[in-house]
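I have placed the structure first, in the form of C-alpha cells, so that the comments after it can refer back to it.
For clarity, chains are labelled A, B and C in written order, and residue numbers in each chain start from 1.
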Amino acid sequence: MSSRERILGRVRRALADVTPDDRPYAEAVPREYLREHGERSVAQTVELLAENLADYRAVVHRADAAELPLLITRLLAERGSREVLVPAGLPPQWLAAAGPVRVHDRAADTAQRLDRVGSVVTGCAVAIAETGTIVLDGSPDQGRRRISLVPDHHICVVRVPDQVVSSVPQALERLDPARPSTWISGPSATSDIELDRVEGVHGPRTLEVILLG
Amino acid sequence: MRVALFLTCVNDTLYPDTGRAVVKLLTRLGVEVDFPSGQSCCGQAHYNTGYRHEAEPLARHFSDVFREYEAIVTPSGSCGAMVRELYPRLGERARDEGRGDGLARTLAPVVPKTYELTEFLVDVLGVTDVGAYYPHTVTYHPTCHGLRGLGLGDRPRRLLRAVKGLELVELPGAEECCGFGGTFALKNAEVSAAMGADKVRNAESTGAEVLCAADNSCLMHIGGTMSRLRTGMRPVHIAEILASTEEEPTA
Amino acid sequence: MTGTYLGMPAFPRAAHDAVRNPVLRGNLRHATHTIRAKRARAVGELSDWAALREAGRRIKDHTLRHLDRYLEQLEESVTAAGGTVHWAVDADEANRIVARLVRETGESEVVKVKSMATQEIGLNEALAAEGIRAYETDLAELIVQLGEDRPSHILVPAIHRNRGEIRDIFRSEMGAWGRPAPEDLTDRPADLAEAARLHLREKFLRAKVGISGANFMVAETGTLVVVESEGNGRMCLTLPETLISVVGIEKVVPTWRDLEVFLQTLPRSSTAERMNPYTSMWTGTTDGDGPRAFHLVLLDNGRTDTLADRVGRQALRCIRCSACLNVCPVYERAGGHAYGSVYPGPIGAILSPQLRGTASEIDASLPYASSLCGACYEVCPVAIDIPEVLVHLRERVVQGGPAVRQGNKVVLRPARGHAAERAAMRAARWAFSRPGALRAGQRLASRTRRLHPRTLPGPGRAWSDTRDLPAVPAEPFRDWWQRTRGGKDGVR
C-alpha cells in the first residue's frame, strides 16, 4: 500500500464517528465577521493606508502623475543608488527623469547581480488600508518576486484610490490565486529578540510607498 | 424562593466562617437559606485530575441533594463552574461512550440554577449595595474559573465598591492565575509556588491589608504563601466582607 | 515524532532548573509580558474578533471533518500547477523523501525557512546524516542553531535568550558557519539583526535548494502560504531553483477565501501586528519567477491518530500562532525546554502527547503541566479548548482506554505511578458519596486540630515546603448548622 493510500485510509477510519456534512461549503461555514471595519470615505481609506504604512515604518509620499518622475528621481538621488532595477512593464514615464542606470529585470541575472543594485521601483496589485499592506503579484509593472526582495531600497507606487481597498477580505477578492503574490507591510523586521519588533533584516530595509493620485 | 447553600467540601471542612457569612448575608437580604445536610463534593478535583468516572457518582449525588431547590448558591467560582460548565460535559461524554442519556438527564436540572454567590446577588437578587461595612483597604483577585469559566466579570468589584468604608485598590496582573490549580499545586509544586509568590508580591505592592477573592481554594494557596513569606496581608473571602456590618463587623 | 527529546524527565523535574534561574525567568517574563499587552491592543482593534475566531474554528473543523477529500483536492491542484506531491506517514519517511530530493539536485547544502514541521521530524539531523548541511535562516532559529541549543517557543525559538546572550553566541559561533560577526558587535537588537543579515546573505544568494513549511495550503487552488517577518522566507522561497515544502496534513483549508480569516487572526495573535511584514503565496511553479521545481511533502506523523480522538482532535485546528504560550503562567515560569518537544506551552501539552502518545515519562506528565486557568483558551484564535483536552489526556494517562497509534486501534493501559493517587481518589469518592463518612472525618480533624503540624511529611511536603497549611476550625460548618439551625438559635 502506498503512503498516500495509508494516510487517506487512516483519515477515513479516524472520521468513522463523524457524520459527514453535505451542505454546500458556504452554508457549513457561516461567516459573521465584517467585510471591512468601520465606514470611511474613499479619501479616508487612502488616509488610513498612509497612516498604517507609516506606523510600520514605511516612508509614505504623495504625488500626482506630473510630479511622480521628479519625486522618484529625488528619492533615488537621496538614496545614492547608482543603479535601479526596473520591471519590464513599469510605465516608462515614471523614471523619465531618473539619473541612475536602469537595470532591466532579466531571468538570466543571478541573485548576486541583483544584490549589487541599490534600488528597485515597482507598481503594485492592491494595497490594504486597515493593515498598511501592499501586495505585489508579479504583473509586468512589478516583475519577478526577487527584484523587490534583494535590493535594499524598494520604491512602490500605489495608484490611489483605484488600487486601495479597506480590508484583507477585499484584497483577496482582487487577487488571482494562480499568480505568486507577496504581501508587504513595512520594511523587513523581526520580533526574535525579546519579542520586540526591530526593523531591517533580510528584505529591503527601506520601503518607500508613493501614493499616486 | 427556596435557596440551597452549596458550601463545598473545602469550605465546610476548613472555612466554616465563609459559610456562616453567606448565611448571614443572604438572610439579611431576605433570602431563606437551607443547607441540605446530604451535600458533600461536586467532584471537581476528581474530574480535573483525570478521574471523570469517579466524579460521576458525586455529580449524581449533587443532583439528588439539590434538584428540588429553586436556586443553588455556592461561594466558590470553581465549584460553580464545575456544575455549570462540566456537568453537561460529563453527560455528553457518557453518551459518547455509549452509556445513553441517563447521566445527562440526571444532571440537567441542577445546571442552570447553580449560581456563584456574587452572580446570585447581582443577577438574581439585583443588588450591588448589600449594606456592608468593612473599613479596610482591599485588593481583589479574580480567580480563573470565576473569571474565565463563569464570566463573573466586574460583579465582585461592583459589590466591593458599594461596601462602606472599603477602599478597593487595583491588583497588578489581577487576571493571572495564582498557581493553585487543584492537584497542580502538588504535582507541579515548584511552578505553582513561583506563581503564588508572584501573586503575593503583586498583592503586597498595592499596600492593601486584605486580598479578597471568591474562592477559598485559591485563598488557601495565596494565604499559605502570604504567611510563609511573612507578609502582613490577610486573605479574606468576599462573602465575609459582604456579610460584615457596622453592628456586626467581621474580624 | 523523532527521538530528539526522548529520555526527557517528567515536566516537574524538567521545570525545576528554569523556575530557579533568575535570568531565564526575567527573559521569559519580559518577552511574554511585552507581547501580551501588544496582542490585546491588536485584537482590540477588530470589533468582529469573536466572529473571526468562530469562523476560523468552523473552517478548521469542517476541513478536518472532510480531510481526505480536501487532501485529494489539494494534491490535484498542486499537481496541475506544476508541483509534485509526496506523502509521508511518519518522520522517517518524510526525512527520506527530502534527503532524496536534495540528493537528486546534486547539492549538499540547503537554506531553510523556519518551519515547525521540519523541526518536529528532526530534518536537519537527518540531512546531516546524509552529508547535507541545512542552514536555518530565521533569526531565532539561527541563534538556536549557532548555540547548539533547543527551541523554546513556537514563534521565537530563542525567547529564552536575551540580547546579551545573543551577542555572545554570534561573536563566538558565526565564524564556524560562515561570515563571522563583527569584532565590536553590540547587543543592540538592530546591530544583532544586521549581523544576521550579513552572515546569511551569502548563503541566500548561492542557495540552490530551499526548504520550508507552510502556514496554509488551499485545496481549491493549490496555493501555499508562508507568513513571516524578516524576508528570509522570501529568500528561501524565491531564489533557489528547487523548493521543498514539508507540511502537516492539517494545514489545508478548502478555499482561497478562507485565507481572509486567518490572515487577520494569525498576525494579530502571534506577533501582535496588524499584518506581519511579509506573506508569500505561491501556486505550483511560475515560469521565470521563483523555483523551477516545487515538491510538497504531506506529513502525517501522528496527526491521523490525533484526528481519531473525538475530544483531542480539536488540537489540529492550531495555526501555530503561539498566543497561548505568551499568556501561560506555567510556560512563563517553566520555560519552553521543560515541555520536551518542539511544541512547548499549552498547545504543546496537548499536541505532543497526542502526536507521540503518552508512553514516555515526559509525555505522560505534560497534561498536568497546567493549572487549568483557561487563559490559553481565551486567546486561541481558533478556539481550541485546551483545558478540556488537557483533562481528557489526564484521563487517558490515569485510566488508559481506547486510542489510535500509528493508525491502529489500541487499548492503552493506565500509566504507572498513579496507583496511590487512584486509590486516594476512589477513597475520596467513597467518603463524599456518604456524608456520614465525610462528617466523621471532619470531626476527627477538628478534634485533633491542636496536634496538626504546620508542615507535612511525605508527598504533602509538595504543599508545605512553600505554603503554610490552613488551621483546621473547631467545628465544620455542618456541625454549626445543625447546632444552631443556621444561626436561627442565636448561638454564634
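The criterion applied here is as follows: a contact is a pair of C-beta atoms (placed from the backbone, for glycine too) under 8 Å apart; a residue touches a chain by one contact, two chains touch by 3 or more.
Remember, predicted model here, so these are calculated numbers, not experimental data.
Peer 1: Identify the chains adjacent to both subunit A and subunit C in the sense defined at the top.
Peer 2: Touches both subunit A and subunit C: nothing.
Peer 1: Quick check on this structure: which chain has its C-alpha centroid closest to the centroid of all protein C-alpha atoms?
Peer 2: C
Peer 1: Counting only Cα atoms for the centres, state how far subunit A is from subunit C in Å.
Peer 2: 30
Peer 1: Take the average of all CA coordinates in subunit B, do the same for subunit C, and state the distance between these two points in whole angstrom.
Peer 2: Roughly 32 Å, centre to centre.
Peer 1: With chain centres taken as the means of their Cα atoms, state the distance from subunit A to subunit B in Å.
Peer 2: Once rounded, the distance between the two centres reads 52 Å.
Peer 1: Where in subunit C do residues touch two or more of the other chains?
Peer 2: If we look for residues of subunit C contacting two or more partner chains, we find 310.
Peer 1: Enumerate the contact residues on subunit C facing subunit B in the complex.
Peer 2: 11-12, 15-16, 19-20, 25, 310-311, 329-330, 333-334, 367-375, 377-378, 388, 391, 393-399, 421-422, 425-426, 428-429, 431-433, 435, 438, 442, 445, 459, 462-463, 465-470, 472-473, 475-478, 480-482, 486-487
Peer 1: Which residues, counting only subunit A, touch subunit C once they are in their complex?
Peer 2: Answer in residue numbers: 2-4, 6-15, 17-18, 20-21, 25, 28-34, 37, 52, 56, 107, 110-112, 115, 128, 130-133, 138, 144-146, 149-150, 168-169, 172, 177-204.
Peer 1: Using the touch rule from the top, collect the residues of subunit C that touch subunit A in their complex.
Peer 2: Going through subunit C, the ones touching subunit A are 27, 30-32, 34-35, 45-48, 51-52, 54-55, 58-59, 62, 65-68, 71-72, 75, 81, 87-89, 93, 137-140, 143, 155-156, 158-159, 162-163, 166, 189-190, 192-194, 196-197, 200-201, 204-206, 218, 221, 223, 229-232, 234-235, 237-239, 249, 254-257, 259-261, 263-264, 271, 273-283, 286, 288-290, 298, 300, 304-305, 307-308, 310, 313, 326, 404, 407.
Peer 1: Could you pull out which subunit B residues touch subunit C in their complex?
Peer 2: Going by the criterion above, the answer is residues 7, 9, 11-17, 19-20, 23-24, 27, 33-35, 37-41, 43, 45-55, 57-58, 61, 89, 93, 96, 144-145, 148-149, 175-177, 179-197, 220-221, 223-225, 227-228.
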